Amino acid sequence: MDLFEYQGKRYFARHGIAVSPGDVADTVDEAVAVAERVGYPVVVKAQVKVGGRGKAGGVKLANNVDEVREHAVNILGLDIKGHVVKRLWVERSSDIAKEYYASFTLDRPNKTHLGMLSAQGGVEIEVVAEENPEAIAFLSIDPVEGLTLATARRWVAEAELDDVAREQSAELLVKLYECYTQGDCDLAEINPLILTPDNKVHALDAKVTLDENASYRHPEWEEFRGDEFEDPREKMAKEKGLNYIGLDGTVGIIANGAGLAMSTLDVVNQVGGTAANFLDIGGGANADVMAAALEVINADPKVKSIFVNIFGGITRVDEVAKGVLEALKRVSINSPIVLRLDGTNALEGRALLAPHLNENLITEPTMLDAARRAVALAN
Amino acid sequence: MDLFEYQGKRYFARHGIAVSPGDVADTVDEAVAVAERVGYPVVVKAQVKVGGRGKAGGVKLANNVDEVREHAVNILGLDIKGHVVKRLWVERSSDIAKEYYASFTLDRPNKTHLGMLSAQGGVEIEVVAEENPEAIAFLSIDPVEGLTLATARRWVAEAELDDVAREQSAELLVKLYECYTQGDCDLAEINPLILTPDNKVHALDAKVTLDENASYRHPEWEEFRGDEFEDPREKMAKEKGLNYIGLDGTVGIIANGAGLAMSTLDVVNQVGGTAANFLDIGGGANADVMAAALEVINADPKVKSIFVNIFGGITRVDEVAKGVLEALKRVSINSPIVLRLDGTNALEGRALLAPHLNENLITEPTMLDAARRAVALAN
Amino acid sequence: MSIFVDENTKVIVQGLTGSQGRFHGLRNRDYGTKVVGGVTPGKGGSDVDGIPVFNSVKEAVDATGATASFVVVPPKFASDAIIEAAQGGITFIVCITEGIPAHDEALTYNRLVEEFPGVRLLGPNCPGIISPGKCNIGITSGDIALAGGPVGIVSRSGTLTYQALHELSMQGIGQTTCVGIGGDPVPGTNFIDCLAEFEKDPETKAVMMIGEIGGSEEERAAEWIKLNMTKPVVAYVAGVTAPPGRKMGHAGAIISGSKGTAQAKMDALTAAGVYVCQNPTEAGAKMVEIVRAM
Amino acid sequence: MSIFVDENTKVIVQGLTGSQGRFHGLRNRDYGTKVVGGVTPGKGGSDVDGIPVFNSVKEAVDATGATASFVVVPPKFASDAIIEAAQGGITFIVCITEGIPAHDEALTYNRLVEEFPGVRLLGPNCPGIISPGKCNIGITSGDIALAGGPVGIVSRSGTLTYQALHELSMQGIGQTTCVGIGGDPVPGTNFIDCLAEFEKDPETKAVMMIGEIGGSEEERAAEWIKLNMTKPVVAYVAGVTAPPGRKMGHAGAIISGSKGTAQAKMDALTAAGVYVCQNPTEAGAKMVEIVRAM
C-alpha cells in the first residue's frame, strides 16, 4: 500500500523524524485555515500518488492568504497524470541550504536491507544512480544486526553530507530505519532530506510503501485506507478481498495463483488478444470467491469475454465450478465465459458444469485452446 | 612488501588456513626430495612475483620422480617477464571440483575493509569484475566491528558457493580476515580457493602484500626479506634506507617528499627529459642521507645529470648542502649536479655551496629552471 | 534418486492439529511420506489420525528421529516455527505459509543462515517438494506427479508448478523431484540451490525451470547454468505481458526498468543455452522432445 | 577568517617532551600559536620552556581549555594518542606522524567517526595546518606563509604544500588557511571537508588544491566542486609521469589501471571547471592572475 505524502509524514513523525509543521486540507477554506495556523510562507502541495507534481503545477509557494486561496483553487481538482487532486497538504515553507536523499528498502538479491544515502537529493535517485553512482553511499544492513548509531555515523561521513548535518542525519537515519522495520515498510524514502540555513535537518517529502502482509499487526493502518484505489474496478475487487489489477484489454481473466494468472495474460497476448485485468483468486478459493471474481469482471464495460483458468491444487475444481454456477444465478453476466479446468477434482468440476454449457459457457481442454476461444469471442 | 607464493602460504598456514602440503626447493635434487616426501602427483611451481607463470611454463604437473626432475631443470633459471626463477614450490597436486576467489583489501574511498568473494575463481578477478560484476559478492567490513562467523556465513550464501563448501569457506574467511588484520596485510588473496571432489576447501595459491609501516611489530617478517629487489639499484637504495624506484631515463632525481619527487619527474618530463629514478629522501634528511642518495644515483650508468630538488620544511637546506659537499668528498660523481634549494635555511645552504660551484655543480633559482638545465645536460 | 528428500525422510508437521495442517499432513502421509509426528504447543500426547503430537519440535525430533519439517501455521507464527525447527534439530524445513511480512522473512532467512548453517528452508509461500513415489511435503496434489524420472522441476510459481508436472505426466514423462521455491521476496531456497542438486543427481537427466517477472533470481540462475550445468534446461518465464511497475499478486513481482522483466530473464537464459519457451504447454512439449531423444 | 583554527585556538602538544615535539611545539608557539600545554604520561607537573606538561589529555584540557591537539609521537603510539585526545575533549586533532600501519589508521578513523562525531582529525602523515599570522599547528615553516588572504590551500603532499605557499607568498598573495591533509591511505580530513569550509569562509576568495596520483579523492572532490563550489579553484596533480603500478613513496599512491592516474584526476577536475595546471609554478602563476583580476 502506497501512502500519500501527508500520511508518510505522519508515519515518520510517529517515529520521531522531524517534518515541517502542516496539515491536510480538502477545501480552499481548510487550506487557508492551515496556512494561518502554521504561518507564512507556506507550500501548498497536491496529494497524489504519482511523481512529477511540481512540473504539473501541483506544488506552489504562498506568501499570504490570497496566494493560498489562489493556489488551493487551482490545485484542487487538478488532473496530474490521470490522478485528480482531492486533498492538499499545506505546510510551513522551509529555507533550503542543501538537499540530500535517504531511503531504506529490501535488497532482494542479497536478502538484506539496503540503505541509500546521497548528498545529491532533490532529484530522482534513479537519475543519480545512472549518471553518478559514486554519489550514492549504499549500506547493506543485516536484518539480524540492524542499524546502529555508530554505523549511521560512518555512513553519513562516507556520503559526504555537510559537517553540520552529519550528527542530526545519523540520528534521523536510525529513526528512519526503525520506522522502516517496526513500521513494516517496503520502502521508506525521504527526498529531499534538507539542511536548512540555520543548520537543521528534516524531511521535506515522504514516500512510504507499506507491506500489506504485515497489516495484521498494524491496526493503525486503517486510517490510511479508503482513498487508495483510483480505479473503481480495483476498489470493488479490494472490497471483495480479491487480488485484482485493472488493465486496458477486452478479455477478462480469472486464474488461481499469481504465476498462472500472469501466464494466462501472456497466452492471451500470444494468440492476439488483450487482457482486461489480472485477477488471482489465490489458493483454496471457494464458490463465494469465484462468484465475487465474476462480478468484478462483469462490472468492467470493456470486457468482451471471460477466461477462467484454473489448475486445482489447494483450490478444488468442483468448488470453482459451483462458484461459476452460483455467480450465474446471482448476476447476469454480460460476456461469454471460457473455462479451462484441471487439477484437484477436475473431473467432478467438469461434470457439475456439463449440463449448463452453452454458447456463453464453454469449456476447453487446454490453456492454449481456451485462450484462443476467449480471444476469438472478444475480438 | 609482496610475498612469494610459498611465503604467503606459510603466512596463511600460521593463521590456520588449509594449504596443500609442500615445500620450497632451490635445486633439482631438493625438488625431488620434496616430491618424494609429499607424495605424487605433485605440482612444480616457479616462485616469482609476477603473474602469468602458468602460460610461461612455470607451473607443471609431475607424476613421478623423472617428471619432477625434468620440470625442475626447465623451470629453475627460466626468465618469466624479466624475473629469473631461483626457487621452486613443490606441493601435492589437488583434484579440483570448483575454483573460488577470496580476498581482503582496504577500501580507501569508504575507509573500510573490503572483502571480495566469488564462485568464479581461477581467473583474473579484474576480468570477472569487468564482465560479470554480479558474480562477485562484495562485503564492506567496519574495522571496528570486524568479520564475524555469522556474517561470513551470510556472505558465502550470497556468493552462491556450493552448499558443501559454505561452512568450511565461512570459517576459512574468518581466518583469512584475521590473517589480513593481525598480519597487517595490504592484500590477502586466495585465487583459486578450491573445493575438492571429496568436499574439502583449501587455498591453492596465495598472494600477500605486507604493510611495511607495520614491520616494527612483525619481527617474523625478517625471514621474508632478502630476495625482494630484482633491481640492483633498488637493493642498494633499500640498504641505505632510501625510498627509491628505478626508472629508465637519464636524469637522476633527488627530492624531499613523495609529492615533490613526483612533481620533479613531471617537470623533467615536461621540458623534454626522462627521469632515471624516483628518490624521496623524506623529511628531516641530513648530510648522511644526502650523500647516500648521491651514491645510489651515481651507481646508475644511465644517469647523465642529477637534479637535486629540495624544499626545506623539516628538511633543513643547509644540511642538504653539507650532504652534497660531503658526498663529493667521498665519491667521485660522474654527472653534473643541478640544485634547486628553497625553504628552511635556504640562504645558509646556498652560501655553503657558493664557493664550490662550477660546471659540474650548478644552482638554479626555480624548479623549472633547474629542470631545464638538468635536461639540457643529460640530452 | 531425488534431491533434498527421499523415501526415508522422516517428516514432522508443525501445525498438524490445525485444519490445513491436518488436511495436507494426512494427504502427504497417504501419499507415502513418512509423517512421523506433529507439533502443537499444549497438545503434546494427543494424536491426529494415529500420528503422535508433541509440544515442541525438540521433543518430536528426539522421539521420532525426524530430519524434515512441514510448517503449516498462520503467518504470525511462521517465523518462530521455522526457528524452532532449526533449533530442534531439523535440517530441511518446508514452509507453505502465505502472507508472512517481508521483514520477518528477511530476519528469519538471515538468522537461519547465520546461526544454523546446515539447515535448508524451502519457501515460505511455496507449494513444497515432491519426489514422486517417495516423498511429498506440501500441498502439491500427488496424482499429477509421475515417478521414475528423468526430469527435475524447479519453479517460483505455485500453480505453474502443477501445470509443469501435469504437462510432463500427461505425456508419460516422470520426475525425479519437483521443487516449488515460492515467489516471496526472500526465499530460503533459490533456483541455483536446486539446479546444483539436479546437476549432481545421476537420475535427473534434464531440468525444467519456471520463472516469473521481478527480482533477478532467473538472471543469476542463467549465469550459474552457463558456467556449471551440463544437463539440458527448459525454461518458461511468466509475465511477458505484465505492465511495468505493477505488483502482480503475492509473487512480489515488481518490475523496475528493464531489469527484472520477463524478456530480460528470457534473454539471459537463452544466452546461457537454456531452451526458453513461450508458454507452459510449449515448455512441456520441448521437454518431452528432449527426453524422448535421449 | 580562517578554517578549522584561528587566533583563539588553544593547542596542546601530545609528545611535547620528545625531541620532535619540543622542536615543532616551540616553533608553533613562537609563531604565535596558543600552545597551552603538553601531554606526556608520567611527566605531569614539569614544563617545556614554560609550557606546562600534563599526564593526560583530560587533565590538560581541564586545566587549559584547549580544543586542539598536535599529536607528534612515534607510529606505535599515535593511534592511542588520537583516541585519547578525542576522549579527553579535544575536537581538532592534527597528527603529523608518518609510518602508522594502514590497519591502525582505518581502525582509528572509524572509531573517531563512530564514537566521537564532533571530532575532526587532520592527518596522519600530514604537515599540519597554518592560518598565517594566527595559528600554526604542525611542521610548516611559518615564514613561507603570508597573512591576509585571500587564497585557501589544501594539499595531499607535504613538500608541495610548502611549494604552493612559497609560490603565492613570493608574489605577495596571502593565504587564509593552508591545510595539508596528507597522503596516507585513510586521511581523517579530505579535500571535500576543506573545500566546503573554504566555500563558507567569506575571506577565502579562491582555492588552490594540490593532488597526487592514487585513490579517488581528487575525482570525488571534482564532483563536489561541480555541484557546490562558487569560488575559483586552481589545481595541480603530481604524478603524470609516474609509471603505473608502482608505489611512489609513502604517499600510498598506487595506480591501478586508468582510474587513479594523474591524467584521470586532471580530466575530472577540468570537467568540474577547475583551472588545472601542469606544475606548481604554473599553478601559482594562475592563482596570482586570478587574484589580481578580482
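Order of writing sets the labels: A, B, C and D. Residues in every chain begin at 1.
Convention: a residue touches a chain if its C-beta (ideal position, glycine included) is under 8 Å from a C-beta of that chain, and two chains touch if they have at least 3 such contacts.
A quick note: this is a predicted structure, and the numbers were derived from the prediction, not measured.
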- Message: I need the common contact partners of subunit B and subunit D, sorted by label.
- Response: A
- Computing the C-alpha centre of each chain, which chain sits at the greatest distance from subunit B? A
- Note on the structure: Whole-angstrom distance, CA centroid of subunit A to CA centroid of subunit D, is 50
- Message: Can you work out the whole-Å distance between the CA centroids of subunit A and subunit B?
- Response: 55
- Where the centres are mean C-alpha positions, what is the separation of subunit A from subunit C, in Å? 28
- Message: Can you pull out the residues of subunit D that are in contact with at least two other chains?
- Response: 110, 114, 216, 220
- Per-residue multi-chain contacts in subunit A, two or more chains: 109, 111-112, 134, 142, 144, 150-151, 154, 157
- What pattern do the touching chains form: line, ring, star, complete or other? other
- Message: Going by the touch definition at the top, which pairs of chains touch each other?
- Response: A-B, A-C, A-D, B-C, B-D
- Message: Under the stated contact criterion, what part of subunit D meets subunit A in this complex?
- Response: 110, 113-115, 117-118, 192-193, 196, 216, 219-220, 223-224, 227
- Item | Sites on subunit A touched by subunit D in the complex | 119-120, 132, 134-135, 150-151, 153-154, 157, 160, 162-163, 166-167, 170
- Message: So in the complex, the part of subunit A that touches subunit C is made up of which residues?
- Response: 106, 108-109, 111-113, 126, 142-144, 181, 184, 186, 211, 213-214, 216-217, 243, 245, 247, 255-263, 265-270, 275, 278, 280, 282-283, 311-314, 342-344, 366-368
- Item | Parts of subunit D lying in touch with subunit B, wherever the complex brings them together | 75-76, 98-104, 106-107, 109-111, 114, 127, 139-141, 144, 155-163, 166, 183, 185-186, 210, 212-213, 215-217, 220, 236, 238-243, 246-251, 253, 257, 262, 278-281
- Message: List the residues on subunit A that touch subunit B in their complex, please.
- Response: 109-112, 134, 140, 142, 144, 150-151, 154, 157-158
